[in-house]
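Letters A, B, C, D and E mark the chains as written, and numbering starts fresh at 1 in each.
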Amino acid sequence: FAYEWHICSQKSIIALATTTSTYDSGLLEYLMPYFQEKYGIAVHIISVGTGQAIEIARRGDVDLVLVHSTQLELEFVNSGCGVHRIGVMYNDFVIIGPANDPAGISGLKNATEAFRRIAEEGAKNNAKFISRADKSGTHMLELSIWKKLNLRPLNKTWYVEAGSGMGAVLRMANEMNAYTLTDRATWLSFKNQLTNLRVLVEDDVVLLNPYAIILVNPEKYPKRNYEGALMLAKWMISEEGQNLIASFKKWGETLFKPMARNIELAQLLGFPEQEKELAWYDMQEPWV
Amino acid sequence: MSKVEVKSLFKEYSGRQVLKGITFSVQKGEFFVLLGPNGSGKTTLLKILDLLEEPTSGEVWLNGEPVDYSSSKERVMLRRRIGMVFQQTVLFNMSVLDNVAYPLKVRGERNFEQKVKSVLELVQLKGFERKNALTLSGGEAQRVAIAQALVTEPELLLLDEPTANLDPKNASIVEEVISHINREKEITIIMTTHNVSQVENLADRVAILDGGRMELLGTFQEIFRSPSPNKNLAMDNIFHGVSRITNEGTSIIDIGDGVHIEAAFKRVGNVTIHVPPEDIILSKYPLISSARNTFEGTITQITDIGHIVRLRVKVMSIKDFIVQVTKRSFNEMQLNIGSKVYIAFKASSVQAN
Amino acid sequence: MSKVEVKSLFKEYSGRQVLKGITFSVQKGEFFVLLGPNGSGKTTLLKILDLLEEPTSGEVWLNGEPVDYSSSKERVMLRRRIGMVFQQTVLFNMSVLDNVAYPLKVRGERNFEQKVKSVLELVQLKGFERKNALTLSGGEAQRVAIAQALVTEPELLLLDEPTANLDPKNASIVEEVISHINREKEITIIMTTHNVSQVENLADRVAILDGGRMELLGTFQEIFRSPSPNKNLAMDNIFHGVSRITNEGTSIIDIGDGVHIEAAFKRVGNVTIHVPPEDIILSKYPLISSARNTFEGTITQITDIGHIVRLRVKVMSIKDFIVQVTKRSFNEMQLNIGSKVYIAFKASSVQAN
Amino acid sequence: MYEGIFWEEVLNITLLSLKVSGLATLIGALIGIPIGTFLGLRRFKGKRTIMRFVDVIMKTIVNTFMGLPPVVVGLIVYLLLTASGPLGWLGLLYTPMAMIMTQLIIVIPIIIGITMSAVGSIEKSIREKALSLGATETQAALLVLREARMGVLSSIIAAFGAAISEVGGIMITGGNIRWWTRTLTTAIVIETELGNFTMALTLGAILLTIAFIINLALTIIQVKGARE
Amino acid sequence: MYEGIFWEEVLNITLLSLKVSGLATLIGALIGIPIGTFLGLRRFKGKRTIMRFVDVIMKTIVNTFMGLPPVVVGLIVYLLLTASGPLGWLGLLYTPMAMIMTQLIIVIPIIIGITMSAVGSIEKSIREKALSLGATETQAALLVLREARMGVLSSIIAAFGAAISEVGGIMITGGNIRWWTRTLTTAIVIETELGNFTMALTLGAILLTIAFIINLALTIIQVKGARE
């Protein structure tokens, strides 16, 4: 074991905290071998909740994070813990629900409108909505849509706050014939088991879900492997990395779309400094 | 129930035969005693009679019916008519009262207070009701166990050395109690003991077990008063000492207090020796004979056991020898307490253990 | 170690005094016996001497030094020079050999095989080495416990009824062994027993405990041959029977076999009665006296205990009465085994328990 | 968690935790103690080699099931209770009842295993004595159980500990639905995932405080039951 | 999981599970058994009311800690080992060592608790006899432990069961890093999250098979040690 700790404390390892969604989808498992082969550095991936990912980064236990929660990310950067936040890619959310669609939202391109109808039918006890209620990125997005409608469905029988992972919530929706909001990747991987459910609403800009990389501040955490983190981030947003992200397919579908070099979209999705950060990363010398 | 028949009973523990074909029967109301050295199988036999151990082969008949050891229901039914006192006292972690009430409770009896009270009085344990049974002294605990066996008024009582830890007064009381219920209520009793005088006082018949076999069976008179008592009963005249070999090829054993015994065997070092009482010759005058061992002593106890009289002779005011003579020669010799006598025995009569 | 002094020892269990100020001392090489009824505190006293229980107050001095019960190290050191045989046999779940080797192993001794072998031979358990100790018979187990205490050659031996479950032969052997090491090796022995003849044969001095107090202390002669033996020793003439009240206000107790005893108390139902041997008058001719109870009987045993002779008189060929007479009147009356005698005692001499 | 209803919700969560784990332990004890007693007493009976073999295998299975991962148990219960599963018609999925069932499966081997060894440690002579005094096999087993009460209580304590701290299983079968199937442990998991470590630890402290009070009662009974 | 390396990875995961839980149980036994023995034997000593009170409180604390939620333990160990925590300089976070530490904390109260009650169930007279034969307090305690070996083994079995099935704690402190800190249980959680129930159940079956083999050995020792 002593030997093993030794290896672990070497700079030849990069620790990345990320959310379960990127990890469970298999994207990182797909990308990392390319990176490792190229630079000979192992990446330890710790997949946890977004909040937990940022919290452990704040305590200096990882070198960089790959997460999706604009608000938490900004807090992390503003407190001086994280630096060089950059948008890497995005995926999208869909609203799914029972095949008989009691709220009649099928085919809508407006998620907000769909939520309104679900709430309306829910009040009449014709429909149910399951919320992840765990302050995950998915949950935050859901809350922001309710907020736009000025609805705060608390303590309503039709509004089930499940406090579980996406997969569990999908299964629950299937059991209860309920609506829910899910990222496409999880939906695709569970689709076969969820015979009662269909995708009802998709392709609204509101439903796009951007992922950011943030490095931990080397001044604050001098012991962390800043160079390694930088290199990994740089590689992720490089042409090679971005192309690999685009080429990752599961069940024949692309799950994540690169956006690091699509500055316009990035700015739309909450990365006003994308251009500047991209330039900064491109300037850094690769460290070997 | 009250009649017990045992038919060629064998019992094996991990391949070792502990009972080797025991056959006997005990009549209703009989007081039957099992005697025998340690490890002879007495406890094992009693446990089989209480249906706690299953015989390897052979049968037990209770009240004229063979016992089916495989039927748990029958075992419980029969056991409820039997009381047993174990050699090793086992009590439950409850009050004395609860311990004695337990056999009544498992039989579904409600109003046990009175019964428990009176049986505790019988064994002289009034006032101990609330005490935790595990804090009792050895003799107190044993009497609680006796109370547990008596409280259900069993038809058959199995007693495994019931008075071993009792003081003489309590032992007498317990002896009285059991001999009383045996005679007044015609309860069959099978008891083991190592106390021969208890056998004499209580037993209708005695069986001698040795090495898992029943060696002798009969009344106390028949067994203990027969002219040539069984060798296995040899319990007297045991001495411990240091042996050395003489020039003549015999051994001299120094048993302390200046008493030296000559033996025909050859042994060096610590030995335990035994001189059968019936091998000792008694005389009122100094003996000149071939017997290598002769001692002068004084009679300190005389016990009449039928046509045999047992005498305790003190040699050198310390060592007790037990000598058996017929009543006739006892009378002829006009012996009495304090009489000075001479004892003699041959070197070949001395046995080493 | 070999000298034991006990100074006003008190012991309380949950508020109840079990030892109430015991003071005595035992010399090096002395064989000291504790006698007393059940629950009198014998075991408790021995456990305190083995440093297993702490006295509530008072002191124990070993070899002229007071024992510091609070020092665990001192306790272990002293205990290693003491051997104890418990009243209730406790053995470990291992082979007999391992059980007997245990006290040697904890002392760090290596080559114990030979010692264990020879002590097992001493208690007649050769061949039992590999047997699990928990499968032994009562008497075998007790002898293993004795072997455990002897194997370390202690300077002080505490024995709590060591022969209670032994057959007479093994009991004699054990008695021989302990009396041998007591005399030859000057080992101090403190033993409890309920067997008075054992006291006579072995003890240098006896102490009588009763109710946590030391009632008597002296040699066997001093205590048992004194003209008015202590009431607490009353162990003979105990009968159990059914009492009914007569017109005259006394009770008649039917003790079975046609024997009826009249008593001064008033009791109905089951009673246990006791007639002190020294209250019984003996005569060769029918007695006409104020004594309400007279019986005819035959002498079956005569025991000389100094200037007192104890006689066992059989009444109705069943009931044994113990009678004590002085040696002088015994000689004057010319009594012997088989003599026909008459016994008499007053109704007021009959005590109910 | 929203400020306003914080304590009310904690109370609700705590009560549910207690209800689910308490009931699972209680039912588990009712099922597990008899089985454990039976298995613990077996060694007094069949002396044959085959019986011994069966005995060891059965005990090994029980001991192995003491290490059933809660997630696996949750999954199995889920597969039973899911609408398309064999017990789907009961409609128990995502109810406290489903959580109790899950914890029951986790708790039963623990109770059986520890009871088994506690009962097996009681001297053979105690059971023999009870039988001799006229007890039926069941009554004798009850008495042995009474003498082994220290160990049996220990099994209940261990089982309650496993239940109240369990999360993987009830998460799957209860769904961690707020105001309905959320317990202290599932709430702790969420708070941890959110990075609210302080809140997670606070809830942990509440859980331990409650467990302490319950264990105090159990421990007092346990200590009192000790054989001298 | 990718087809090609499937079995290799399962082997790796399984070995890590065994290594972590096995070592945690072993170290836990070395720490917990002496403490459990000490606590179990305490009742023979101080008879005073205060001593009794202290005794009950200590036992209750142990019993309560048997119900420590693994997530809370994980969190606490995490807060100790985190770079900014008091033991951060050791650099143990997200290593197998951190997982062992976590399981150790979970396992120790279980071993203490059950050992304590097993030792406490042994008749007082056994210890007294050992002391009388010249044993030191420690030697006597060892003998009592030997006589209580059935219950002590039961504590080890329960502890190993808790460790090998535990997931919430090692997830936080080990990080569930593939090829490095991923165990059978954490893998089961991932497979469950992914909806790969068949794979989750397969891994569960592997875990139980291994636990069965280990328990078979422990159970044979346990049954052999039974007092007649």
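Convention: a residue touches a chain if its C-beta (ideal position, glycine included) is under 8 Å from a C-beta of that chain, and two chains touch if they have at least 3 such contacts.
On a predicted model such as this, the values are computed, not experimentally measured, just so you know.
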Report task. State which chains count as neighbours of subunit A and simultaneously of subunit D. Result -> E
Query raised in the report: Considering subunit D as a copy of subunit E, what rotation angle in degrees (nearest 5) results from a C-alpha superposition of the former onto the latter?
Result: 180
Report summary line: The chain whose C-alpha centroid lies farthest from that of subunit B is chain A
Report summary line: Separation of the C-alpha centres, subunit C versus subunit D, in whole Å, is 54
Query raised in the report: Using CA atom averages as chain centres, what separation in Å is found between subunit D and subunit E?
Result: 17
Query raised in the report: Taking each residue of subunit E in turn, which ones touch at least two of the other chains?
Result: 123, 192, 227-228
Requested in this report: Mark out which residues of subunit A touch at least two other chains, giving numbers and ranges.
Outcome: 56, 168, 171
Report summary line: Listed in rising order, subunit B residues that touch 2 or more other chains are 88, 135
Query raised in the report: Pairs of chains that touch, anyone?
Result: A-D, A-E, B-C, B-D, C-E, D-E
Query raised in the report: Which part of subunit B faces subunit D closely enough to touch in the complex?
Result: 47, 50, 52, 72, 75-76, 79-80, 82, 84, 86, 88, 90, 92-93, 102-103, 106-107, 132, 134-135, 148-149, 152
Query raised in the report: Which part of subunit B faces subunit C closely enough to touch in the complex?
Result: 13, 36-39, 43, 87-89, 118, 122, 124, 135-140, 143, 160-161, 164-173, 176-177, 179-180, 183-184, 194, 196, 201, 234-236, 238-241, 256-257, 270, 272, 274, 299-304, 309, 320, 327, 330, 336-338, 353
Query - Partner subunit D, residues of subunit E touching it in the complex - result: 43, 52, 55-56, 59-61, 63-72, 75-76, 79, 109-110, 113-114, 116-118, 120-124, 148, 150-151, 153-154, 157-158, 160-165, 167-168, 172, 184-185, 188-189, 192, 197, 200-201, 204, 207-208, 211-212, 215-216, 218-220, 222-223, 226-228
Query - Touching residues (chain side subunit E, partner subunit C) in the complex - result: 123, 125-126, 128-137, 139, 143, 146-147, 225, 227-228
Query - subunit E contact footprint on subunit A (complex, rising order) - result: 1, 4-5, 8-9, 15, 20, 24, 29, 44-47, 56, 59-61, 165, 167-168, 171, 189-190, 193, 221, 223-224
